[in-house]
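Going in written order, the chains are labelled A, B, C and D, and every chain counts its residues from 1.
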Amino acid sequence: MSSMTRKTGINESGGMFAAWNYPEVSSLVYMGLHALQHRGQTSAGIVTSDEEETYIRHDLGLVQHVFDSKESISPLKGKHGIGQVRSASEHDYKENTNIQPFMFKFQNRNISVSFNGNVTNAYTLRSELEKLGAVFQSDSSAELLVHLICHANGDTFEENLQEALAKITGAYNFMLLTTEGLFAISDEHNFHTLEVGKLGEDQYVVASETCALDLVGASFIQEIPAGHYVKINDEGIQNVPYSKNVETKIEPMEFIYFARPDSTIGGVNVHHARKNMGVQLAKEAPAPSADIVIGIPNSSLSAATGYAEEVDLPYELGLVKHQYIGRTFIEPTQAQREVKVRRKLAVVKEIIKGKSVVVVDDSIVRGTTILHIVKMLREAEAKEVHIRIAAPMIRFPNYYGIDLKSSDELYAARYDLETMNENFGSDSLAFLSTDGLVQSVPFSGDYSDYDLSLSSFNGDYIEDIGEYKSSFDQKLTDIQKIILKENN
Amino acid sequence: MSSMTRKTGINESGGMFAAWNYPEVSSLVYMGLHALQHRGQTSAGIVTSDEEETYIRHDLGLVQHVFDSKESISPLKGKHGIGQVRSASEHDYKENTNIQPFMFKFQNRNISVSFNGNVTNAYTLRSELEKLGAVFQSDSSAELLVHLICHANGDTFEENLQEALAKITGAYNFMLLTTEGLFAISDEHNFHTLEVGKLGEDQYVVASETCALDLVGASFIQEIPAGHYVKINDEGIQNVPYSKNVETKIEPMEFIYFARPDSTIGGVNVHHARKNMGVQLAKEAPAPSADIVIGIPNSSLSAATGYAEEVDLPYELGLVKHQYIGRTFIEPTQAQREVKVRRKLAVVKEIIKGKSVVVVDDSIVRGTTILHIVKMLREAEAKEVHIRIAAPMIRFPNYYGIDLKSSDELYAARYDLETMNENFGSDSLAFLSTDGLVQSVPFSGDYSDYDLSLSSFNGDYIEDIGEYKSSFDQKLTDIQKIILKENN
Amino acid sequence: MSSMTRKTGINESGGMFAAWNYPEVSSLVYMGLHALQHRGQTSAGIVTSDEEETYIRHDLGLVQHVFDSKESISPLKGKHGIGQVRSASEHDYKENTNIQPFMFKFQNRNISVSFNGNVTNAYTLRSELEKLGAVFQSDSSAELLVHLICHANGDTFEENLQEALAKITGAYNFMLLTTEGLFAISDEHNFHTLEVGKLGEDQYVVASETCALDLVGASFIQEIPAGHYVKINDEGIQNVPYSKNVETKIEPMEFIYFARPDSTIGGVNVHHARKNMGVQLAKEAPAPSADIVIGIPNSSLSAATGYAEEVDLPYELGLVKHQYIGRTFIEPTQAQREVKVRRKLAVVKEIIKGKSVVVVDDSIVRGTTILHIVKMLREAEAKEVHIRIAAPMIRFPNYYGIDLKSSDELYAARYDLETMNENFGSDSLAFLSTDGLVQSVPFSGDYSDYDLSLSSFNGDYIEDIGEYKSSFDQKLTDIQKIILKENN
Amino acid sequence: MSSMTRKTGINESGGMFAAWNYPEVSSLVYMGLHALQHRGQTSAGIVTSDEEETYIRHDLGLVQHVFDSKESISPLKGKHGIGQVRSASEHDYKENTNIQPFMFKFQNRNISVSFNGNVTNAYTLRSELEKLGAVFQSDSSAELLVHLICHANGDTFEENLQEALAKITGAYNFMLLTTEGLFAISDEHNFHTLEVGKLGEDQYVVASETCALDLVGASFIQEIPAGHYVKINDEGIQNVPYSKNVETKIEPMEFIYFARPDSTIGGVNVHHARKNMGVQLAKEAPAPSADIVIGIPNSSLSAATGYAEEVDLPYELGLVKHQYIGRTFIEPTQAQREVKVRRKLAVVKEIIKGKSVVVVDDSIVRGTTILHIVKMLREAEAKEVHIRIAAPMIRFPNYYGIDLKSSDELYAARYDLETMNENFGSDSLAFLSTDGLVQSVPFSGDYSDYDLSLSSFNGDYIEDIGEYKSSFDQKLTDIQKIILKENN
């Protein structure tokens, strides 16, 4: 079910995978998407092409549900392909008009597109195009890009592509499969990176994370630089800069919780970064009275072990994640609401009882999980509960491709540290500093010009937030106002 | 799975239903589509709208599968809606890019479109639009119309709509749900009619057949005239002519087998027309030696009873249709191929044995069913088998919305009457004459200017067949050449 | 979901098919069950066996749903098999404990059983067995028979089988697949017959109806006589009488509506019998003022054409059955309840309007369908509506394998003819006489000792109704009391 | 698909949950089974009862699939219930005849039964019962127990139950829901324990693990002692000894890998025991040259952290488990077989590269996983790979309810330590000693008479292995013969 009234673009987070010149490419793209499943569970899709034709299949559901049989994948013929897994945000619509990749046709040219990110001037660009007769079927910026290309004035496809990209602001990655070849594009800040790998001779893959390269057995050859696109066709692979105004500012949420721990971004392994965050957090905020350190499976295990090593306390399995969670139709009554969290996580009472516990979490967004966990630890008769968060306070909406746009959702935008500690019922509460975060992600070598985007923590947006600006200004909480004042 | 290379438009047959100003309109549209299910079983979809938003759900499958729960239909809010059931042709693609209705957005206007028919200059129009920057996502002429509207030069939506329709040739019905109201459009020949009904005060429905009006309890008020559209909005209902070049030529296949027997087209009830065809056939081709008349359930029952009455022979249930046919995964070996037809139809041996049987069928397309039936009747020890077909020989491709485009598929385009009789193993074979067909559909009163399109029988196309012309000319069979020469 | 408290046996109606010595027998049994699908839609199952092993698959659903892939049928190996389709009655339980066939094991002997019918002393026999230590898992009389066999005192399996059958009263057919061979059993009255056919040399099939023999290409060789079983094994086929107290009394509902029209019972083709009933009804109750005769598709078409021929009136397609009925989730409000019948049947208004109509139905059970049809005909402006029922009034519960056990369900057990006519709103109402019914089913030749069971019409039960007796006596309606008095 | 030829009983491992006197008990049992899902994923079922009736639903699939809607669970009425999740072994049959719980009826008594374990004289007992006329429908020992009860000679149900239990050898837990109350039974060795908890006044639950008590909010009150059953009815809860020959010998696989880490058995928390095993292993087999310790998620995390702490090396996340594993239809070619393991586990190359790695696993059964992991670590350029297994070598079949019956499956039954190390390609390989295992599970207090069953390690079976004896004796490997000789 879809609707079409909106005033801004939509955030489209997910994962993308492309392959060039691989026989029966659809199975390879399938495996690549499988490795990226954690980046989006709402829909999945693959487009492939051979000399003559383009083939598509995309639907709501996990990769393994959309492609659940040989019959579902074998019609996707050809040697080139792109695929996507996608996560529908609350701001998004739940039905199928926005399922990617998209396939378009114009002037005898087939073009298939995948998009991740958040184009901050999407609505404005769209309105301008509509005045020229353009017709839209979705809210996706994938469709927007194609219209911009078709209405550009260049002589070649690439000139038109570059003209189109010049108009777009925000955070974005595009993958385009065209008759000219495969194009993989990163924005001027490289908020979210794309990784290029090689299989055999003249066989390339591009993916949102290196873990997908590993799974398909490709060797990593490069990350696409900010403001560049990579063009792959029968003549080989080429890095094309399309903007001079580049400044790499990786989205730190990738390191904090979004990317898989075995992936590497800007030369920094994600698990390593997380462990560093735990170590750094331990330095900044030790818990002298504590007996043990526990993490929240599976997301904060890296940080928790780092914390435990640094403070030299035993790291214990105080919380167990249920292996078979799934959905349940049982609607919790007030009394059963407890059960909902308990279905996912169980406290190992024998470990907790009588202990002073440090519980390390990766971040606090809405604050609901940590609230329940403190309660469960108290019930298991923990002597003390010290919360340590291996990320800074997330106090401002994210407009760069992470689905956190409303201040209402952000616990730390509404409460100060002391109040949070009180609300959670913890004995102490501490967050990693932004400096600590930056030190935990030590870009170096080829990537020494890399930096992190800190706007979610300090409200200082490095890239035009376009159509979101007025809403941002109007909805500032008292805490946000204070932070912004401090920063100036 | 879809592909995008094609040189001509696609035939899009199906059924459409629209409703204006009805509370919780989605359930009403659902019931309307249910009544039209026989017109298309490949996909189903509904678009609805309220003051602010437009809602859509469409998928592959029967109406009852696409809308299989309250949850599937209740999100389709609002008082106005259009829906469609659709049949994918062999020339069509089996995946979901062409599933209707479509929903588009331009210049702050939402527009939803359904289409039935065959636009014979679709590919040409599309190529022209692409040169202006238009981007297409499907092969459907529903999308084509919207692009034509958006690129028209009029001052109002209706001026643009009329400019767009003026460019289109072929057979078509469109339904458009827009902020200006509901538009239901018939081509200049009214090959396939649209029927308008009324529910309560200011509540209207439009459907491909009157049987859908009956099911939802609407009273018939008019058929949309050739070259007109009906516009329904808060100011009421209005008939708007958009072409002066009109000549009603109803597609006779609607009477012969496509429409439901309880529907009425141009004032003629379909069952009555079929019974007339049987009577007329009996007059033209009696079977003096016959003992009994049988039909092939369920399609030729009307014609068979007409034949039996006219020749005053008992009408018998010589063939029984299995109530539960469904699909089977068992792939017939050569020996089991017989089983395939026998799963659907059974001979009542006690009726057939020793009798001289007239078997009446509604038409012959590929000739496979009648071949098996003669064999089954012989096995049941029929003394004689006389085939009587209650339609003329279908000898030419249909370019006006019935899915019969290739001469290869048409048995009567490849064999003459004598050879067919020999091939089938029947004692005699006769078809209704085209004159007999015309007499069986006695348009009168308000509809006395109505006529039938006879091009499938005589190759004399009354409407431009556009992009199909060269293929038609190149693939003529010997028999087709003879017929065409006779006609000139 | 099942429960286990009951005081009487359960009626188990359905269809059975068995095959002996056919390679890959499971596909053959599948086809046989497919032909019998009309006899039961609740569950389906197949058991097969080879030299060493027995294989089973059974589940809720149609044949084509339970066996929906090669994978679902290919594990059923072997050359011998039995299968069943089953209809759960209201008195039955909707879950899977009663799904047939059953497979049992005792004393190194595998035994698989299917059952149709109603054992009228089931509860009593079961209680006796339980006292001997028997444990039951279902309510089915298939399980009951196996326990009786196991607790019998004979020396051989057949002695034990005969001892067991001697204890059972009521209407029953059993099929047993054992290491001794295939056994197909009919009760002493042969209420429901079993038909034996032959495929190749030493290849046999047994089915509930001859239409299943036809579909698999078997030639009919015999009907199992009352009080006999047929034993098929490597030594051939053998008719074994197990009771001297036999009197064939075919259940007339088989002819009236249950069996397929192309089947033959006791040498009488079912369609022929139905047409005879229509002819006979026309003789007994003509409708002098009528213009046309219509039937209710598809059940009363045979009778209606017979009626029309006898009164020499045109037989018209006044009611059309919707091809795609299916289930709908839309719960009818009071206003929409009409819609429910209209979804299945549509009136062809052009035929009905202004006409005096005879509508022929096959029988009246609850009276709800005919009530709606009269209303629909009135709305279509029929001048007169004359109901003619091609069966006698069903006034007494059926304890012999047809699912009509409660007098509350039987319209004719509660109202006299005049009141029914008034309630239905018809201009006249007539039923076939029981004499007329008997004459319509002219058993002859080998079957001249066959007769019909008339207890549903006159309350005169020819076979012990056992555990149902007290409930029957206590719940007699005034009309039933009058009939019973008249009969004595 | 089932077959019925077998010579021994079947191993039936799984998890059970029962509840007494809880309103709408089915939801509670559902939650309990959910917590036990890791114990069996083949089928799930629930039986409930109220005063009058018994209700059942069971099917193949996970708990959340079998009970996937309110409609699937709400018909299970009543206050008392038992449920089971079950794992089909290779020795078992994959179809639905063995799905538990079972529901039986005899002598007006309803009895529902769940069983876990392995009755080592099942086939013998069954043959004896069959000679008395008993008929079986499944291979389950749940059905066997009910037949034994029905053929016992006691005066009361409990006398009969005790007489039945006296005949059974092997490892077993039963739960019976009867009109006398709820019975939960443990065998004479308590190989697998049952845990009793309390909710409100007179509300009891029994579960295979304490984690299920925790999830439903019940407080632990006792473990059922060896050779006892607990009887719960309206008069309260009662421990009944039924054998004097008791000797508690907990199955160590529960501690090693089967039970959830938050469960407690015999007073010993499972995670604690696992961590102890890691510590003990580190003492017995340190790896002096190692840089880091890694575990295999999720099964060996507890042991690995224990090992790391003891040797004071960093515990690292060297292997990552994919969050979305699911099934894939892609059949691996030889080249893609690698992919299969990689889909589940990924190496974090940045951690492994250049390091000497200790990889801790919980146990070695077939040896396939560790083989692939060593290969993956080598590819990631580990300097050294030292395998440490936190359990003794599993060298003998398990006949006590763990699904490891064939010596062919046991890697350590075929190879000695040195050969295994060579085969795996590791730099060193060590297993925990049996003494080390025993010390890691420090039963104390109320449980100081508890011990572990070590037969899987040393072949010294403490309980009659009945029908399995001859197969065991005949199939001894050379290594097994040596071990057995050493032990005597």
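The working rule: contacts are C-beta pairs under 8 Å (C-beta built on N, C-alpha and C of every residue); 3 or more make two chains touch, one makes a residue touch a chain.
Because the structure is predicted, anything quoted here is derived from the model rather than measured.
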Exercise. If you take the chains that touch chain A and keep only those that also touch chain B, what is left?
Worked result: none
For this session: Return the chain whose centre of C-alpha atoms lies at maximal distance from the corresponding centre of chain A.
Result: C
Seminar exercise, completed: Per the C-alpha centroid definition, the whole-Å distance linking chain C and chain D comes out as 49
Problem set entry | Rounded Å distance, chain B centre to chain C centre (Cα mean) | 39
For this session: Report, in whole Å, the distance between the mean C-alpha point of chain B and the mean C-alpha point of chain D.
Result: 62
Problem set entry | Interchain contacts, given as pairs of chains that touch | A-B, A-D, B-C, C-D
Problem set entry | Contacting residues of chain D [partner chain A, same complex] | 27, 30-31, 34-35, 37-38, 41, 62-64, 67-70, 73, 211, 214-217, 260-262, 264, 269, 271-272, 275, 297-298, 301-302, 305, 309, 314-317, 320-324, 326-330, 338-339, 342-343, 346-351
Seminar exercise, completed: In the complex, the residues of chain D that touch chain C are 1-5, 52-57, 75-76, 95, 97, 102-108, 110, 127, 130-137, 143, 146-147, 150-151
